[in-house]
Amino acid sequence: MIVVLFYIAAVIALAATVAALTRTNATHALIYLIVSLLAVAVMFFLMGAPFAAALEVVIYAGAIMVLFVFVIMMLNLGAAGEARERQWLAGRSWFVPGSMAALLLLEMLLVLGDAHGVTSGTAVSPKVVGMTLFGPYLLAVEIASMLLLSGLVGAYHLGRRFIVRRGDH
Amino acid sequence: MNSIVLIPLLPLLSAAVLILSTGKMPRTVASLMGAGSIGLSALCVALLASSFLADGEIRELTLWTWMSIGDFSPRIAFYIDGLTIVMMSVITGIGFLIHLYSIEFMWDDESLCRYFAYMNLFVAAMLLLVMADNLLLLYLGWEGVGLCSYLLVGFWYRDPDNGAAARKAFIVTRIGDTAMALGLFLLLTELGTLDIQPLMVAANTQWQTGDTLPVLATALLLGGAVGKSAQLPLHTWLPDAMAGPTPVSALIHAATMVTAGVYLIARTYGLFLLAPATLEAVAWIGLATLLIAAFAALAQNDIKRILAYSTISQIGYMFLALGVGAFASGIFHLVTHAFFKALLFLAAGAVIHCLHHEHNIFRMGGLRSRLPVVFASFVIGSAALAALPFTSGFYSKDAILLAAWSLQDIGPWLWAGGLLGALLTGIYSFRLVFIVFFGEARTEPDRQPGWKMAGPLILLCVLSIVGGWIALPLAGVFPAAESHPVNHSVEWISIGVPLLGLLLAYLMFLGGQISVDKLLSAPMARRLVDFWFSGWRFDQLYDLLWVKPYKAIAHWWRNEPVDALYNGIVAASQWGHRRLLILQNGELRWYATIMVLGLVLLLAVMLRNAP
Amino acid sequence: MMLQLILLLLVAGVVAWQAERFSSTLPRWVTVVAVLLALLMLIANLGGIPAERFTLVSYPGEPQGWLMYSQHAWIPRFGISLEFGMDGLSLLLLLLTLGLGLVAVVSSWDEIEFKPGLFQANLLWTLAGVAGVFLALDLFLFFLFWEVMLIPMYLLIAIWGHEKRAYAAMKFFIFTQVSGLLMLLSIVVLAFQGAGEDGISFSYSDLLASAPTGRAGMLTMLGFFIAFTVKLPGFPFHTWLPDAHTQAPTAGSVLLAGILLKTGAYGLLRFCIPLFPEASMQFAPVAMGLGVLGIVYGAILAFAQSDFKRLVAYSSVSHMGFVLLGLYAWNSLALQGAIMQMVAHGVSTAALFMMAGALQHRLHTRDMFRMGGLWQQAPRMGACAMFFAVASLGLPGMGNFVAEFLVLAGLFAVSPWMTAAAALGLITAAVYSLWMMQQAFQGRPDNNREMADFGVREMSAMLVMMAVLLGLGLYPQPLFDLTQPVLEGLLPRMSEPMSALPRLLSEVSP
Amino acid sequence: MSASDFLAIAPLLVLAAGATAVMLQIAFMRSVPVTAILSMVALLLAALSCVSAAAITPLQVGALLSADQFSLLFTALFCVAGAVTCGLSLDYIRHHGDEPEEYFLLIVLATLGAGVLAYANHLASLLLGLELLSVSLYALIAYPNRSLLPLEAASKYLVLSGAASATLLFGFALLYAGTGTLAFAELGEKLGQAEMGTGLLMAGSAMIFAGLAFKLSLVPFHLWTPDVYDGAPAPISGFLASVGKAAVFVALLRLFLEADLFRYYKLVQLTGLTAILSMLAGNLLALLQTNIKRMLAYSSIAHLGYLLMVFMICLDTGSRALAVEAAMFYLIAYTATTIAAFGLLTLINESQVEREQVQLQQVSGLFWRQPLLAGLMLVALLSLAGIPLTAGFIGKFYLFTAAVSGGNWVLLAALILGSAIGIYYYLRVVFYMTRGADEHKHTVTLSPGWSGSALSCLLIASILVLGIVPQTLMAYLRSIL
Amino acid sequence: MDGLMVPMEHVLVVAGLLFTCGLFGLMLRRNIIFMLMSLEVMLNSAALAFVTAGAHWAQADGQVMFMLILTVAAAEVAVGLGLVLQIQRRFKTLDMDRANRLRG
């Protein structure tokens, strides 16, 4: 039964992703994406990775997507943008990406379908994850902090003038 | 210091000084140096000759070893025997007379200094040619005289035609020279030396008469001789070479240089004796040349061209002599020819000099009384040329015809041909005399030759007459000629034929009993004369065969066809550049697409036949 | 000493460059003094060598065979050292280099107005590079000099060249550079071939022992051959040369024709053939064929040109064909001829380029159709041109004749047919040389034209070169004596494979 | 973590501390010179600390980092390169961006990322180093925010690089799924005894290669290169082309060596094919470029192609040591040369606020106006072209020897062909620089400040020293293998 | 709590499909915001694969890697969205096809 739930989540994740990437309205797309992420979070949970599931919800669907929402709202693309998007997505523009993706899909199926094995069934608890993270991966955490610093500084520098200008008007 | 060294050295030094003076030397000094050095040289030759005649000893002199690589060590060395003495005497003796003559002839020319420089250089080179003890040094002189001939033919360089004539002379002879060089390589490779005397000894021991190698070697040497001596098929340069000053024609293109081929064959007769086939070819070439040139001479109207063709023809006799094995007769004719042809050229030069550089004989006439000295010279010269009895030319030509007659099998044919030539010689030489010196005057001379011109003329007149009695010291040089049983009827015919020629010339050109116009009225005859006039159309033929294709190829290739290959590579690279640049269209989605394509391909390759 | 000599030239280049700050005439004096100093240094050091060493047969690969030898460690990681050696051949070419260096300076004495200091510096650096090529024994070092001499030469053409200098300089550089890469490849392959316990070595003496055979040997040899043939230049790799020569400034042309081309011949003689005796023997018919083609083709194209310098350039192609022939005929006559050709061609072509430069300087054109009758206005130039024209057509009495005669004589023993074909070059040479004289100096003079004749400086350079050519033509023995021991050392190395050559050739001949 | 662990990763710690210090300094007081000097001091200190760290190597620090001579050498190289970039940028960035202090901070962070890559022997550290480097570079590329082109370049780079990172990560995940480990060495062991189908593992390694090939701008993942280099500030293009690529290459090399990916013969062959394609396409694309930055970008594609030959050569185990040695030398030479070449563009660009591009015409006659700068460019170009007496030649010679030793004739042919094409466009720049004084009308007069001049001299000297007396470095490289 | 036992290839296929979708979106969309979303999808698919693999080996490393990917995604998106703001301001559009001044 739970297995069925797992597969349902997988299907939802896929469907929502496809929907997200083909919408013309950015906000709608984002909502689909969040749905997809939540579905993946369910999969994480069911596979015995509750900590990852939680983070997926909190940070991915929560924080990162919200960042998107902010930006979309700030840009205020509106109906004109939607019409343009629809025009861009018209007929012919699908062909090349579609065929490329189809080829890649084929190969992915060939490769990944070849993998044998099952998930272990044993859950990896948040404690274990924490132990690992601050054990062997301690330095990774430190470096990740530097990475975030870099992202922060970059985002600050790039976003700063925009915000200031907006404030002026 | 050995006076032998002085003989070529004096003209050489004089030439060097004259060249280095770059034309700033006063005329008097230049001409004094020019003629004087040859005079001194001639004096030395005379001393040498007298001592040689006294003791008959062959003189050898080595100056230094030119180079020495392994067994190959040619020297700068002289070998002087009777033949050399004869040649040296002719070169310096006649050379001196012509130099003397030139002083007056060239006095007004702005480049007198250059003229004498070239002339002296020529004499030096010619002396080296005849004195060389090895073929390499001979080749040096051989090419040296070629260069001087080029320089002097093109002496009046402002006229491009003269330049063309000079180039033609050099290049055509160079073709022969190249064959000769190949002959030298062959001799060196096979016999291991180029020293003439050891070479002949070695050839005699290593080769049998009639072997392929001696035939090949002598044929190649013959190529050189044919080129230099303007024989068929390389004779076309000589008539054009008349573009140079007339004394040059006298010295180089009549008396000395053009006979170098004869000298070469005579010098290396030992090799030729081993190659009867070549020797026969020499005879036939000589015969063919003498006839063709004689016919051509009949049709010319330029005084110098007539003489030029006659020169070719006379050298044909010399070749004939060599071909039938009468080396000494060949040399004898060479000497007498040098006398009378130099005389004729100088006399012609005097005519030209006195008639404002007029060359066309039909614009001359009646000069008999106006230029008496020249007239006398011309008559004597022509008589000798036509081999009228008791002139020098008679003795030498007679000897040749006799030798030809007495040869087995082909002898009579050669003799008959030679006789025909003699007839023609009589006609064209006296045609010249009658047209130029008799009849009415068409151009008035504006001056008379001075003593510097007349003196040499008179001296040469004497030589042309008495030259036949000179005994050349050739006894030890060539193998003793078999004494031929003298056939008197043959001798009489030899005497009669030139006279017949004289008579015909008189009837046609002076007496008028035979109308030339009537003869020429037949279209065939007209065409024939035109054909002869153009020198049997050899020039046109060669133009078509060699010159035009060469120029066409050069023109076709002038922009470097090989570059097409490299330009192709360049074009391919540029093509590749442009093709690849199409990908760089600046669109992000496109870049992403290509990346995905890359990934797809990468995975495809990895998964193909994946285990 | 040899390293110091090269360094002297290099440093003098820097000095000349900086000297332009003080005066625009100072740099050329620096060059003259530097080259003279180098000559002096060379001669002074030669004095210390016992005379009998000059006649001792020097077998390649034996350090005691060299007149001078020195070795300093450089890159031991790859067995590379600063190994220099000088024998008679190097000495001869070194003398030629320095001599023509002087000629180059004189030839562009007041031609260069733009950055004269850098010009002289490049001149000196080129000389240094060439000297290095002639002296280096380590193949890596050799390659280094081989490449490095190109850069100053490139700059000479690219900066001070004529109207199409960009194209010419680029072509020159790419041709030589690409072929150089092939050579580098071959050098490395060769080094690996002889790799022993203690790693690889690039030393000449070590590599002599390790020539690969068979197909590998042939391919490796080709790497060398192409590099050297491009530089020589041999047909069909010659097309850079007419452009480079034509566009280069006078001094550049003099150096290019006079000495840079000789490095190719030197490389063939010193490296390509001795390192690969077997492959060279098999390849000899092709190489000779290229030589013959070069002779005839160069001569025909020389005749087709209207540009004075281009004509001379193609004549170089033709003349260097003789060198190729001589080298691959591989007997002492032909080899001596080839060496003589290197020297004589260097001098005579340098003189002709100097002439071309003088004409261009005076008339601002190289087009012979716009010349004509120059003898009238400049008889001294005319006489000089005549002298060198007939020298280049191989008139006996000049070094060029001795060279061509010996090459062909040596070749005849190997292949009469090749000789006959090559001898065509003697005729065609006459055609273009005399054509050049006719177009430029003979014919009707243009009376509106004022032209200065050669001055004392130019005349003295010309006279010296004439004297050298005449000396080489009439008494070449000192030169032969100098190189004979070298050749005697080299010849036996090849005698065995080469003895099969005539048979091989007879198979391909008609 | 023990004291020796700290010492072993001291360079990284110094960099991180330096970054923090710079950040704090900016927070308290904005001052370009202070920030720049602080950053350069941090970078140089980090480089110096490599020397002291060298004493205790090799040492595995935690699961992620391996401190050995190899990583220290390259960390030091990257730090010095970062410092030089800072120095070159000093005047440049004042003209091009407001609030330029963060620029230096980002350079320090990017260098830290590069350092982590040099240390990485674990997929996690590889990922983090790569991203630290990339994310810093996104911001650096877009730094001069007054003009459009940097923005365009940065957005292209970000999107494509993100996709490449994702591909890389997916590849990691596949390897992890197949082996259950992320550490290189263990990966190597497990790959040999993998339980699951090797198809998964091969695809994983192929995707890793694809991801890294993007960062190395190898054909067919090269399309972004010219656009990004062109749009980015010149010093950053230099940094990206040199440190950015060298660090990734080092990591890739280590991954292949330690995880022994050479077992996948087909993958290695693909690297060879990619190498050939990159050499040819890069050189061909550069052939007629008149924009020098784009030209250098294309040429960097080709140079990475040359470098990538090493993987093919490594197939021959006998030549592997030599190949790695060659790669290391080439990387060092290439880094110095690239920084020098872009350094010139930086110095030229200082005075050109508007357009961040350098056309050939703009260097016309540079030789006569700015001999020092022209000398710098000349040396750099000759080195790129592989002309003797420069570092580039020795590098190429190294590759030659390695390839000959490994018998890789096809690669050698491509190398020669590529170099042949390369000569043309490098020399063309030289030709333009030497054109006569009257032929450059549209050029700007400029003169580098003292720092620019000093750095130019330093770069010229380093390229020439590496080219003329390479023995010391060679011996060192050989000793650390 | 224990996790499910599902065939790993199934989950990996899902991840692969998500990855392909991401790439597809990247190739299809001209709007940079959608491109960034596609990137998120791709990163997420990698994360899914890692967690799956971690579950297969019963190791924490998969989840740790997931967290690192999360960090990476956050940093990239932060800078990316900063860029989006600038692009809108400068180019007055988010259409990346119009941002093709750099080419050739």
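Each chain carries a letter (A, B, C, D and E) given by its place in the written order, and its residues are counted from 1.
In the analysis below, a residue touches a chain if its C-beta (ideal position, glycine included) is under 8 Å from a C-beta of that chain, and two chains touch if they have at least 3 such contacts.
Keep in mind the model is a prediction, meaning the values are calculated, not measured.
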For subunit A and subunit B, chains touching each: D, E
Identifier of the chain whose CA centre is least distant from the whole-structure CA centre: C
Chain pair with more C-beta contacts, A-D versus A-E: A-E
Separation of mean Cα positions, subunit D and subunit A [Å, integer]: 31
Mean-CA-position distance for subunit D and subunit C (Å): 43
Between subunit C and subunit B, distance of the C-alpha-averaged centres to the nearest whole Å: 37
Subunit D and subunit E, separation of their C-alpha mean positions in angstrom: 26
Numbers and ranges of subunit B residues touching at least 2 other chains: 581, 584, 586, 588-589, 592-593, 596-597, 599, 603, 607
Residue numbers of subunit E (touch at least two other chains): 8, 12, 15, 19, 22-23, 26-30, 35-36, 38, 47, 52, 54, 56-57, 59, 61-62, 64, 68, 71-72, 75-76, 79, 82-83, 86, 96, 99-104
Shared-contact residues (touching 2 or more other chains) in subunit D: 124, 128, 131, 135, 138-139, 142, 145, 155-156, 159, 163, 167, 174, 177, 197, 199, 203, 226-227
Which pairs of chains touch, using the document's own definition: A-B, A-D, A-E, B-C, B-D, B-E, C-D, D-E
Subunit A residues within the subunit E interface of the complex: 2-3, 6-7, 10, 13-14, 17-18, 20-22, 26, 29-30, 33, 36-37, 40, 43-44, 46-52, 55-56, 59-60, 63-64, 67-68, 70-72, 74-75, 77, 81, 84-85, 88-89, 93-94, 96-98, 100-101, 104-105, 108-109, 111-124, 128-129, 131-133, 137, 140, 144, 147-148, 150-152, 154-159, 161-162, 165
Complex interface listing, subunit D residues touching subunit B: 155-156, 159-160, 163-164, 167, 197-199, 202-203, 206-207, 209-210, 213-214, 219-221, 223-224, 226-227, 264, 266-267, 270, 280-281, 284-285, 287-288, 421
In the complex, subunit A residues that touch subunit D: 107, 110-112, 114-117, 136-140, 142-144, 146-147, 149-151, 153-158, 160-161
Residue ranges of subunit A touching subunit B (in the complex, touch as defined): 96-97, 100-101, 103-104, 107, 110-111
Complex interface listing, subunit B residues touching subunit E: 581, 584-589, 592-593, 596
